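Labels for the chains are A, B and C, by order of writing; each one numbers its residues from 1.
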C-alpha cells in the first residue's frame, strides 16, 4: 500500500494533464488552474525541508566543537537576523537603536535557549531561566518600542531598509564575487588542460579562438566577427540542435517511465 | 552619496575582497564571507517564500473563505512526515501529486517544442537558388542550410550507440562529432567571455561604486563628503595588509623548520 | 627538468596574478573595441522600438546575483529603452534570488529616468516612473514551469497580488491584463534552465513573441530555437548587452566591460598557446627517446 498509492496518484494526475493538453475545454482549464495553484503551495512546504536541514547541520557542527565550529554560528545569526528584518517594518526617520537592541536581545535569547536545551545538566536551569527572561524583554520591546513592529501578514518587510541593504550590499557582492572566482579557474584551466591532442581537440580550439577574438579592432576583426557569427549560426546550431532533440526525447522517455511506474527513484527507500 | 550608504558600500567592498582572498588561500575572512552568504541567502529565501507565496496563495485565500485551500495546505504539511522514519511514507502522496502533474505537463510540451519543432525547422527546403550565398559566409545561403541539415543528422547518428560506428555509418558519425566539436568550441569561447565578465564586473564595482566615491573630493556637489570616506577606504585595505603580513610571518617561521617546509614547497 | 615542464608546474597563483594585472591595466587605460551589432540582438531592439506607447512588455528577470555582471546591463538597457518609449512593463522573478535583482533594477532605472537625456538624436524629457501605472512587479513563485503555464490562463491564479502585496485588480495597469494575450512580447533574461521552460511551456503553448537575454555560458545552446523561430531574438552575455547598449545609444557597464575582455582573452589565448607549445615539445622529445 505504501508504494502502490503514490504510483496510482502519479499515473492518474499524469494522464489527466496529458489528456488536458489535447482537450483544452473551458472546464478542464479551470481544473488545471486549480491544480497548478495547489501544486505550488505543496511545493513551498517541500522547500522548507531544505531550510531545516541547514539549521540542523549548523547546530551539529557547533555542538561538535571541532575546528572552525564558530563559522556555522555566523550562518545561524545571519539567518535569524535576515528573517527578523523580513518580518518587521521600521518607521521612517525613527532611530535604529531600539531596533538593533531588539535584535541583540533576540539573538541572546536564542543562544541561551539553545544552551539551556542542549548544555550540561549543571546550569541548564539557569540558562533556561535567563532565556525566558530575555524572551520577555524582547516581547516588551516588540510591544512598547514604537519605532518598529512585526508584520507577518503584509509584505512591508520586503521593503524594510535593512532587508534591502542586506540584499544589495551583502548578498549581491558575495554571490557575484564567488562566481567571479571562475574567471581565474578558467584561466588556469586553459593553461593546463587545453591541448590540441588530436583533430577533434584542434577543431574545438579553432572555433573557440574565432569566437574569442571576434571583437578585435581592425579589418580582420570584422572578418572574425562574421566568421564567428557563421560558426554560431551554422555548425554550432547543428550540434546544439542534435543535443536539444536528444535531451527532449530523454525528458519525454523519463516522464513516460515515471507516469507508468517504471521509474520510481523519487520515492526513496522504505 | 550619504555616509551610511558609503558605509554599506564599504561592507560590500570588504566582502568582495574577502572572497577574492580565497585565490591566494583559504582564510578566516573567506570562511566568514562564505558562511555569512549561506545564512543571509537562506533567510532571504524564507522571507521571499513567506511574503511572496505562502501568505498570498494560501493564508489570504483561507482567510477569504476559500476552504478548498485546506487541501493543498494539508498535503503540504504531509511533506513534513519526512522527518519521522516511521511515517515518512506519508510524504510520498503530495510528492506523487507534484510529480504526476509536472511530468504530465511535460510530455506533450517537450515533445512538441524540443523535438517536433526542431525537426520541422531542420527539414525546411534548402535554398538552392542561391547556394553559394551573397556575402562572405552567408547564413541564409544554401550551403549553410545544407550544413545545418547534414550536421544535425550526423550528430544524431553519433549519439546512436546501438549500432557500431563502422563503415558508412561510422563516417557519418565522424562528421557528427566534428560538428559537435565546432559547437563545443563556440560554447567554450562564450564561456570564457562570460567568466571574465564576472571578474570585470567586480572591478567596476570596486572602482566606480567604492573607490571613486571615496576620492571624489573635487566633487563639490556632494555635501555629505568628508574624510571619513577615505578613512574607511584605507581601513579595509589595512585589514588585508595586516593579514598578509601575518601570513608572511607564518611562512618565514615555517621556512626555518626544514622538516615542515619540504612538505609545503609544492 | 626542461623549461616547459618547469613552466607547467608554475604555481597557479602566478597565473591568477597575471590575469589581475592584465584586467586592471586594461580597465584603467583608454581604448575602445568595436561593438558589431548582430542580427539576433537587433531583432529585439527593433521589436521594442516599433511598439506603440502604452503597450505592455513582459520582462522575466530569472537570474541571481551570480549572473548580474552579464544580465543586469541587459535589463537596464532594455527596460530603460522601454520606459523612454512610454511602454509599460510587467516584471517577474522566477529565480530564487531574483526578486532583489528586480527591486534594485527598478530603483536604479527610475532614478536614471528622472533626468532628461538624448538617445540616438531624440530628446527625452525626464519623468517619474510610477509603480502600478508604468510597471508592475509580480514577484517570485517557486516551480517556474508551473508558474509559466498558469500565467497563460491568468496572472491572478498564482499572483493574486504583486510583490509589494497590492492585489492585482487594484493596480491600474493590470486591470484589463489577464494573460500573455494582453502583452506584446516576453523578454526572458535568464541564467538557467528557466529559459527552457519559457520556450516549451510558455512560447510553445501560448505562442507569444519570445526574446532571450542569456549568460555567455548558455548562449550557444539556444541558437537552434532562433532558427526555428521559437525565439525571435537573442542577446548573448556581456557582448549582447553591449550591443543593446549601442543600439539604444545608452552606453553602460557592458560596453565599458567589453574593453577589458579583449586583453583578457588574448592572455588566455597566450596561455593556451604556451601550454600547447610545451605539450608538443615534450611529445617531440619523448618520440626522439
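Criterion: contacts are C-beta pairs under 8 Å (C-beta built on N, C-alpha and C of every residue); 3 or more make two chains touch, one makes a residue touch a chain.
Note that the coordinates shown come from a computational prediction; the quantities given were computed from them, not determined experimentally.
Seen from the C-alpha centroid of subunit C, the farthest chain centroid is that of A. The most central chain, judged by the distance from its Cα centroid to the centroid of all protein Cα atoms shown, is B.
The chain pair with the larger count of C-beta pairs in contact, out of A-C and A-B, is A-B. Distance between subunit A and subunit B, defined via averaged C-alpha coordinates, is recorded as 11 Å. Spacing of subunit A relative to subunit C, judged by their CA centroids, is 20 angstrom. Multi-chain contact residues of subunit B, defined as those touching 2 or more other chains: 23, 41, 44-45, 48-49, 51-53, 55, 57, 101-102, 105-106, 109-110, 113-114, 118, 121, 148, 183, 186-187, 190-193, 195-196, 198-199, 201-202.
Annotation for subunit A: residues 36-37, 39-40, 43-44, 47, 155, 158, 167-168, 171-176, 178-180, 183-184, 186, 190, 205, 209, 212, 229, 232-233, 236-237, 240-241, 243-244 touch two or more other chains. Listed for subunit C are residues 16, 19, 66-69, 97, 99-100, 141-143, 146, 149, 158, 163, 165, 220-221, 224, 227, 239, 261, 264-265, 268, each touching two or more other chains.
Residue ranges on subunit B touching subunit C, taken from their complex, read 23-24, 41, 44-45, 48-49, 51-53, 55-57, 60-61, 101-102, 105-106, 109-110, 112-114, 117-118, 120-121, 148, 183, 186-187, 190-204, 207. Residues 8, 12, 15-16, 19, 32-36, 38, 64-69, 97, 99-101, 103-104, 141-143, 146-147, 149-150, 153-154, 157-158, 163-165, 220-227, 239, 258, 261-262, 264-265, 267-269, 271-272, 274-276, 279 of subunit C are the ones touching subunit A in the complex.
For subunit A in complex with subunit C, the touching residues are 29, 32-33, 36-37, 39-40, 43-44, 47, 154-156, 158-159, 164, 167-168, 171-176, 178-180, 183-184, 186-188, 190-197, 205, 209, 212-217, 221-222, 225, 229, 232-233, 236-237, 240-241, 243-244. Residues 2-3, 5-7, 9-18, 20-22, 34-49, 51-52, 54, 68, 71-72, 74-83, 85-87, 152-153, 155, 157-158, 163, 165-186, 190, 199-201, 203-212, 223, 226-249, 251-252, 255-256, 258-259, 266-268, 270 of subunit A touch subunit B in their complex. For subunit C in complex with subunit B, the touching residues are 13, 16, 19, 23-24, 27, 66-70, 96-97, 99-100, 139-143, 145-146, 149, 158-161, 163, 165, 199-201, 203-205, 215-217, 219-221, 224, 227-230, 236-239, 253, 256-257, 260-261, 264-265, 268.
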